[in-house]
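Below you'll find the structure, written out as structure tokens, and then a few comments.
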Amino acid sequence: MTLRIAVCVKYVPDATGDRRFADDTTTDREGVDGLLSELDEYGVEQALRIAEASGDAEVTVLTVGPDDAKDALRKALSMGADKAVHVNDDDIHGSDVIATSAIVAKALEQVGFDLVVCGMASTDGTMGVLPALLAERLGVPQATLLSEVGVEGTTVKGRRDGDAASEQVEAQLPAVVSVTDQSGEARYPSFKGIMAAKKKPVQSLDLDDLGIDADAVGLAGAWTKVETVTARPPRSKGTIVTDEGEGGKQLAAFLAEQKFI
Amino acid sequence: MTEILVLVDHADGQVRKPALELLTLARRLGTPAAVVLGAGDNAAAIAAKAAEYGAATVHTADAPEFTAQLVVPKVDALTQIAQATEAGAVLVTSSGEGKEIAARVALRLGSGLITDAVDLEAGASGPVATQSVFAASFQVKSTVTHGAPVITVKPNAVAPEPAPAAGTVQAVEVAFTGNAATVTARTPRVSSGRPELTEAAIVVSGGRGVGAAEGFGVVEDLADALGAAVGASRAAVDAGWYPHTNQVGQTGKQVSPQLYIAAGISGAIQHRAGMQTSKTIVAVNKDPEAPIFELVDYGIVGDLFTVLPQLTAQAKG
Amino acid sequence: MTQDFDLFRLSEEHEMLRESVRSLAEAKIAPFAAEVDEQGRFPQEALDALQGNDLHAVHVPEEYGGAGADALATVLVIEEVARVCASSSLIPAVNKLGSLPVQLSGSEELKAKYLGALARGEGMFSYCLSEPEAGSDAAGMKTRAVRDGDFWVLNGVKRWITNAGVSEYYTVMAVTDPELRSRGISAFVVEKADEGVSFGAPEKKLGIKGSPTREVYFDNVRIPADRMIGAEGTGFATAMKTLDHTRVTIAAQAIGIAQGALDYAKGYVKERKQFGKAIAEFQGVQFMLADMAMKLEAARQLTYAAAAKSQRTDGDLTFFGAAAKCFASDVAMEITTDAVQLLGGYGYTRDYPVERMMRDAKITQIYEGTNQVQRIVMARNLP
């Protein structure tokens, strides 16, 4: 039986660019270059490694996002994923994570999966809760925040490093996993991979295809509301001194003044 | 007044500091009620501590599932308690697990979810949460418009203040829903004897400028003199000089201590995302052009290997 | 108006390749560039990273197990590696230079064996043409190959051999009939492991210090006759045809180095403050940057055009290859020198990368034919 692996990825504004909000308090994706979220590259990598180890697997990469999000899919395909699904619908704009999880879960059900692989969080929203929400919606176990992951037969196993302990966890497939940036470095697309990506199928789906009511998603369907957005005032310029032998003492004096020592 | 549920994070029989911060914040919103799960024999002591910080009620539940399975048993418990008590809001610490629990609870309750709040206040239509986003370049205030708000709050959002309350313990039976990953082995982290990075009031971090694993000695010495936690930049972690569990930044821990000392850290956006909300920022760096100096309250252009030991000596003296 | 062809720009795939190589180069190669230069050591990290991602010899056709990249894609790989470390860019560049004679003129067996080994990362390929007394006048070479039954026996010395000692495979031009001068030269594949192959001490160079340049000695090296590349007496023609294609890769190196220097200088002038403002705000500095960017872009366009001609083997490739190499390397020398100037005293120190780039740029005006020789080539092949 072919192991069906679905990787969820997100197209995010480049963190080195000038990220900001649009007038409707959503992330401004117009003015900033986007890319495949770095943390999702780890998800793609682990999916590919699991597929390579299994010998009989198919990796589908899935994203929800605007037209440009196809760049993220393209990158994942050039890394080696077999096919892609792009959920794109104007009505999705402004969806919160709860609504997004409903869209992704529906798309996953339609695509079919034995294993869903996610990154640990997106680099823009940084909530890190989508994998848990997907597990909840799909009614499958979650084995999340794994620094090591592998599939043995119909069991996914991995290591979850928490603050207090490092845990070995396992779950029966189908399951949702998320992987951390410690799980193993993501590969770079090779020339062959890039050329091959061009010929791989990318399926487009909209809300109708998924049977989702437009009112349930988007800004209007969100269960949270942004009241205000304020740019953080730039920190006032601090004192900078060059060490001429007394730097440590000068710093101690500053800290004493601030009552830290 | 409505009950504000606080999931009390605990480890080794001790209440972790962020839980006390949540109880302190919960008092702004209503009557705090603590939820203590899987604490075994320590439940009573933990309940007492929660009461000291304002919990009028302490819902406790204990079962092997809480430690044998991932996330779901706590979701089951918290959801069922929230439904039974018709809680006004649910507060959870913003950790990896905390956020996962909160998200699934929100979905089950039909509630809006806000994560990583750095402040909470009562508003006209429920709690108003403040978040710091895009590497702390924006502050966003949000409310939940659907269901009882489920909010995760970052450590150090507020100073914990005792406010003794009844702390009436109510044991709860939880109906477990299963469908969870199982934990087959657990290795506790070796304690460094230093405060937990995300909870510490002071953090001293080292970066590329530290030069080698041994170089972290001066960083640790200063941390110990200040009672601080030790952090590391991604460059230092990638180089293998310090464990990943201590990484501060976008892909590591996000900290907002009272005082953050960056030693030999240039201050790439990746790092700033993890520490920019610190109250006071100090940097020591050889390179006067290092971007970290744009953030600091006080900066020393100099060699960390001379400046840090001198500061350590002063702090001890 | 719609058209069914893309008007004069890189394809999306080429842009993606650039992006991929750039991120690899910045993460895996750039961190070692200064150390590699300072210590004059081989950039093993770069070789590992390039091989690990199948970027070490992208030009090898797919039928021999390679990535099958076109000449323009190969240029992009070399350019992006050179942007962070010129020494490391000699890995993909010289792999092409060394193996192209086999690809152009070798038998199927020879191609399968050696291009396959190169593609699999079993060894790098070097190119042995120059000799102590035969530089620009390559046909004046002394290295001899003498037939002995089913074998050829090689004797002689090759000089300025890039990656000598680290490469496993060497394309060697040797005289098989001294009477015929350039038509009496044949090309062979020699392996490092062949008995009688040895190497001189690494040259102490101004730049590209991470790429070993050594003499290669052939002392009664006995190789099977089927290691000859193409027919007897065609070696010099193969060598020259190879250079038509690979001069474009030197141009790629040059624009990569220049881009690295320009990028660094651009960042620096925005941060460096004098007289109370960033020096980027001074028009004198702006004019310098504008000239640098203009020249670099002109060199890049010429290089990419030459790469396309290399891929199609257009009739005017010889002119374009020489023109691209000559122009891009001259421009790289100017730009890197100006980058040092923009950084002032800091630029002159090894604490900043631009002086390394300036030293590295110099070789692109010299190797694979000095720019004076390129002008001879251009003059004889005017379009």
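Which chain is which? They are A, B and C, in the order written, and residues in each are numbered from 1.
Following the convention adopted for this analysis, a contact is a pair of C-beta atoms (placed from the backbone, for glycine too) under 8 Å apart; a residue touches a chain by one contact, two chains touch by 3 or more.
Molecules present, by chain and UniProt name: A = Electron transfer flavoprotein subunit beta; B = Electron transfer flavoprotein alpha subunit; C = Alkylation response protein AidB-like acyl-CoA dehydrogenase.
If you're wondering where the values come from, they're calculated on a predicted model, not measured in any experiment.
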**Request:** Examine which chains touch each other and state the graph shape they make (line, ring, star, complete, other).
**Result:** line
**Asked** So which has more C-beta pairs touching, A-C or A-B?
**Response** A-B
**Request:** Could you tell me which chain lies farthest from chain A when each chain's centre is the average position of its Cα atoms?
**Result:** C
**Prompt:** Between chain B and chain C, what is the gap in Å from one C-alpha centre to the other?
**Reply:** 53
**Prompt:** So, what's the distance in Å between the C-alpha centres of chain B and chain A?
**Reply:** 21
**Asked** Which integer distance in Å separates the CA centroid of chain A from that of chain C?
**Response** 39
**Of all residues in chain C, those that touch chain A in their complex** = 13, 16-17, 20-21, 23-24, 53-55, 58, 62, 67-69, 73, 77
**Complete:** Within the complex, chain C is touched by chain A residues 74-75, 78, 187-192, 194-195, 197-198
**Residues of chain A that touch chain B when the two form their complex** = 15-16, 19-21, 25, 38-39, 96-98, 101, 120, 123-124, 126-129, 131-133, 135-137, 139-145, 160-171, 175, 180-182, 222-232, 235, 238-243, 245-252, 254-255, 258, 260-261
**Complete:** Within the complex, chain A is touched by chain B residues 11-12, 70-72, 75, 95-97, 99-104, 106-108, 111-116, 128, 132-147, 179-189, 196, 198, 202, 226, 244-245, 250-251, 258-259, 269-270, 273, 280-282, 284, 288, 293-303, 306-315
